[in-house]
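Each of the two complexes below includes chain A, the first together with chain B, the second together with chain C.
Moving on to the complex of A and B:
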């Protein structure tokens, strides 16, 4: 019990320091909040949308995989402390345990669960799809749902139709 | 062996006074070393970059970090409108407390006797020893995660998600390499770990006893765990403009800064304790000068941290995660088995080494298969993508 006391005292000192700093800052610093100040900083652009509630699922995956290893680590410590008494038996036990963990880890890696690679690097390894040609891959035609009213679904880089008015030509004159 | 002799005769007034003095001393050590570290870093980085460091406040600019700290008290502290108020206010406390608490298990070397009470130069030597440090680094993740999440800004959230994935990944490496030390020492007490390395400069240190590699793994993982350059993706200015503490102003920011540097100093102290013999060193003029050796080792380690920061460019996030999961974790697991094997006998050690090589081959194949699997996914998503759209990003 005595061993907990200094830690509790140090925790109290640390928290008191932080609380005291906040109190001092409140006394010494000015307080003139404006809308621009209290808004989220997005490199000077006024934020249009609320904070995304979603982020890449890979982060969740890492958190889940971490649990395997953290639990392994926790099991390791009691073993490590009495390792010199266990001797060969301890080594065999831990070898079996490490093997199980390692095999599950190798399984995760072989599923690509821990791949973060840039898309380009991975795409280099992607198998060539023989059904793809330049016309199927390089799609320059806007999708129907992206068409602006009155626009014809023609390839962007082809010759403009003679009757069509050039885009943006009318704007300066109007 | 266990426990501080200070408590041998119960708690009386003298013991309480010594205890409070020790607590305040440890707190002051952390605070002063943070102030010093900020200066040390700025001087050293300036020197490495062949330019002038801070040279205005105080002699040779030595009061610069104090001046910065005082300045921050006079800055406006405001809470972002979209912030989750309670968690936003609590996050700096959660970040700062474990950084300072972790210092309490570090043995500075030797004992002193004050008014008939003998006590170690170590705040506390709990039965869970080094596990306390792992606990602190586990709680430190919460400080950063909650700070970024509660700020209600996109960059902060991204930074905090990055930070927690990074810290959590490298924590496993820390745990596995510290377990290697525990296997060699047979105790989780930091005092016992230091005592086992005592005598014979360098030769009895764990860095030699565990064949250098776990030390290297630990140092890399420690650098990543405290989100220090070159692994400071949490604060990548070009990508997320400052990171998880971006929405904090005034003293809130200062406390995160303090926690960051306190973590750095604590990591240097723990590397010294775990691998470099702690206060072990040759006597000077017949006197045992443990604290001096401890100080010298920590200084050298801190300089190496700064040197790395000044030399290496920041890694990319996928490189960081690959290094952590596919290199460091398997390597530290293998080194643990190899060191454990050699503790039993030479042939067992060689057998563990052979097993590790097999595991390495299996892992290489697994990485290859895994990249094929991811490549298939990439192709599928590339086919489904609109031509002008942004590429898939993580």
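Moving on to the complex of A and C:
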């Protein structure tokens, strides 16, 4: 147990330092918050709800690739520790294991998992749906002269409306 | 420090047995034993089919990495067929090899090398072969062609084989996970079908849950018996009377639940219709054969080897599960409008018969169950091959109406489908009859008359929906149109427009026109007009259908396959 004492001490010191730093900045720093200061931007639109941080989905891929190689290293380590006991058998087994991981690596590379930068080749496109027509696909937006005062341009039904309501009539038909 | 220690140990390992380690007693003894036991002789021939499949999967990956993308359509399925053929060959070699020598435990006592596991290896190899043959045309039709499907299939088969050969709960769990993870991905493989992803996620979540339950059961069983090895468990339980067997029973129950999920036994079946419907059709057939067989292999290993002496405790539980599985599967299948969902419930009901064989806990019951699984592999591969053909591109039509009038459009295809349906219904001169006969005979021999009668009743209920599909195939495709009442527009909108392969939602079968058409004596299921145009049978699918049909008749009229299954009941 004695030999672990320095580690425990180090842990305690690290925690104490971190906690102390937080406490010190809280106590020593002046704190006069205002509404404008606490907002994400001092000028601009007040956010309505917390916004999800955006990051490329590629990070998930990298994380998964990392796990593959992380696991390889984790298995390599105990093998290295008892290398002498395992002898040729262990070497052969580890070689087989490393080969399996390498094959997955080769597969990853060939599929462009490690290509960075703007994506050049796009994914295979879905075949165009033959049922698409102009009425089902194109959104019809009212002309400016059809707009009711103060209304933002919004799509209306795709049903053609031969006689437009007079501008400013306001009341929707029952 | 470590170096010194290991050098000391090297000397010890070479000369002294495990108990002779005296390096700083009390501290290193455990380690020292661990070091000694690391020298495990690996008898590679005992896992030959597994090696073939897993190395084959790696080879496929390497080839796909080296070749340009989509360079050769048909290359990967061809290689998969060769690999699974080699695995089947290896299984045959093993069968002869086990016959010449005694059944043994191998590889650190983790693998049973007996005819029971070899039979499953053969079964799984064959199912993989069919899976590859059927996937080729389907994946090309759906624009999903790629190496991944075949690699996943090979890996799932490896896991399934490992389950069948496992000599302990640890290996069983490893096999279960290897198989399941590949199957989750295979279910979600159809990227452009929303249902496919949904089914994959459902399967993944419920499957992980059941794996956790299984693992908990294994832990409790270990706590009660002090071992994870089935044979040691059996010896321990035969020798010892536990004063308080709550932990043992709890472990046993959780193991049954975990494996019962994999074989889709009621009440652990809820995932099955969704997943069967969602997965690409050839994968559904593959899953129905392989996952079910492997799950049952695990159940047999656990219950008949590990808990053999606890028969009195688990047989009532399996009795109840078998009855529920038989009745719920048969009855709910009648209410299905979707072909794949109907086959999912049908496959639940079929699992009930294997459970009857398991419940008998006799070598006759095991032989019947093995024969059942073996023949079902061929039947289900053939059935889903036909469904894959009639459903059309994009799995547009999975409803029962899609198969209507098949007898006129493709008489040969309809005849083969009829054979598979009759086999599943248990009509004589098909393998399905003998399979049902032997499991029920095994139940009768153990005095389980009630179970036998329920089994026969369930077969009678199930015959209804099998025969309904059969009749639909031979009913005229024009019936709907002549009987079409007033609401013609609704149905006309559902008919394919010439020149446009319009995908239609199966949900439309509940539309007004379809409901009106349901009054022509086809039961409560509303039907759409069958798709027009010819059903093309690709070469690979044709071969599979021919082989499956031939086997279904062959196993139904002669005895070699049954003898084969009987030989496999000799456990280690």
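The criterion applied here is as follows: the second predicted complex is superposed on the first by the 89 of 174 C-alpha atoms of A that agree within 3 Å, B and C clash if a C-alpha of one lies under 4 Å from a C-alpha of the other, contacts with A are read in each partner's own complex, and residues count from 1 in each chain.
Just so it is clear, contacts are C-beta pairs under 8 Å (C-beta built on N, C-alpha and C of every residue); 3 or more make two chains touch, one makes a residue touch a chain.
Since we're looking at a predicted model, the values are computed, not measured.
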item	value
Comparison of chain B and chain C by chain A residues contacted	B
Touched partner set for A:39, first chain B, second chain C, both or neither	first
Chain B versus chain C as contact partner of A:84, first or second or both or neither	both
First, second, both or neither for A:104, with chain B first and chain C second	second
Chain A residues contacted in one complex by chain B, in the other by chain C	81-82, 84, 90, 106-107, 109-111, 124, 126-127
Complex interface listing, chain A residues touching chain B	2-7, 9-11, 13-15, 17-19, 21-22, 24-26, 28-33, 35, 37-43, 47, 50-52, 55-56, 58-59, 62-63, 65-66, 69-70, 72-74, 76-77, 80-84, 87-88, 90-91, 94-95, 98, 101-102, 105-107, 109-120, 122-127, 129, 132, 138-140, 143, 146
Residues on chain A engaged by chain C in the complex (per definition of touch)	81-82, 84-86, 89-90, 99-100, 103-104, 106-107, 109-111, 124, 126-127, 130-131
Contact footprint of chain A on chain B as seen in their complex	3-4, 7, 11, 19-20, 22-24, 26-27, 72-82, 89, 92-93, 96-97, 100-101, 104, 123-127, 131-132, 134, 151-158, 161-162, 164-165, 168-169, 171-172, 175-176, 179, 182-183, 186-188, 241, 246-247, 250-252, 254-255, 316-318, 321-322, 325-326, 329-330, 333, 336-337, 340-341, 343-345, 348, 352, 355, 359, 362-363, 365-367, 369-379, 382-383, 386-387, 391-394
In the complex with chain A, residue positions of chain C that touch it	2, 6-7, 9-10, 13, 35, 38-39, 42, 58, 61-62, 64-66, 143, 192, 500-503
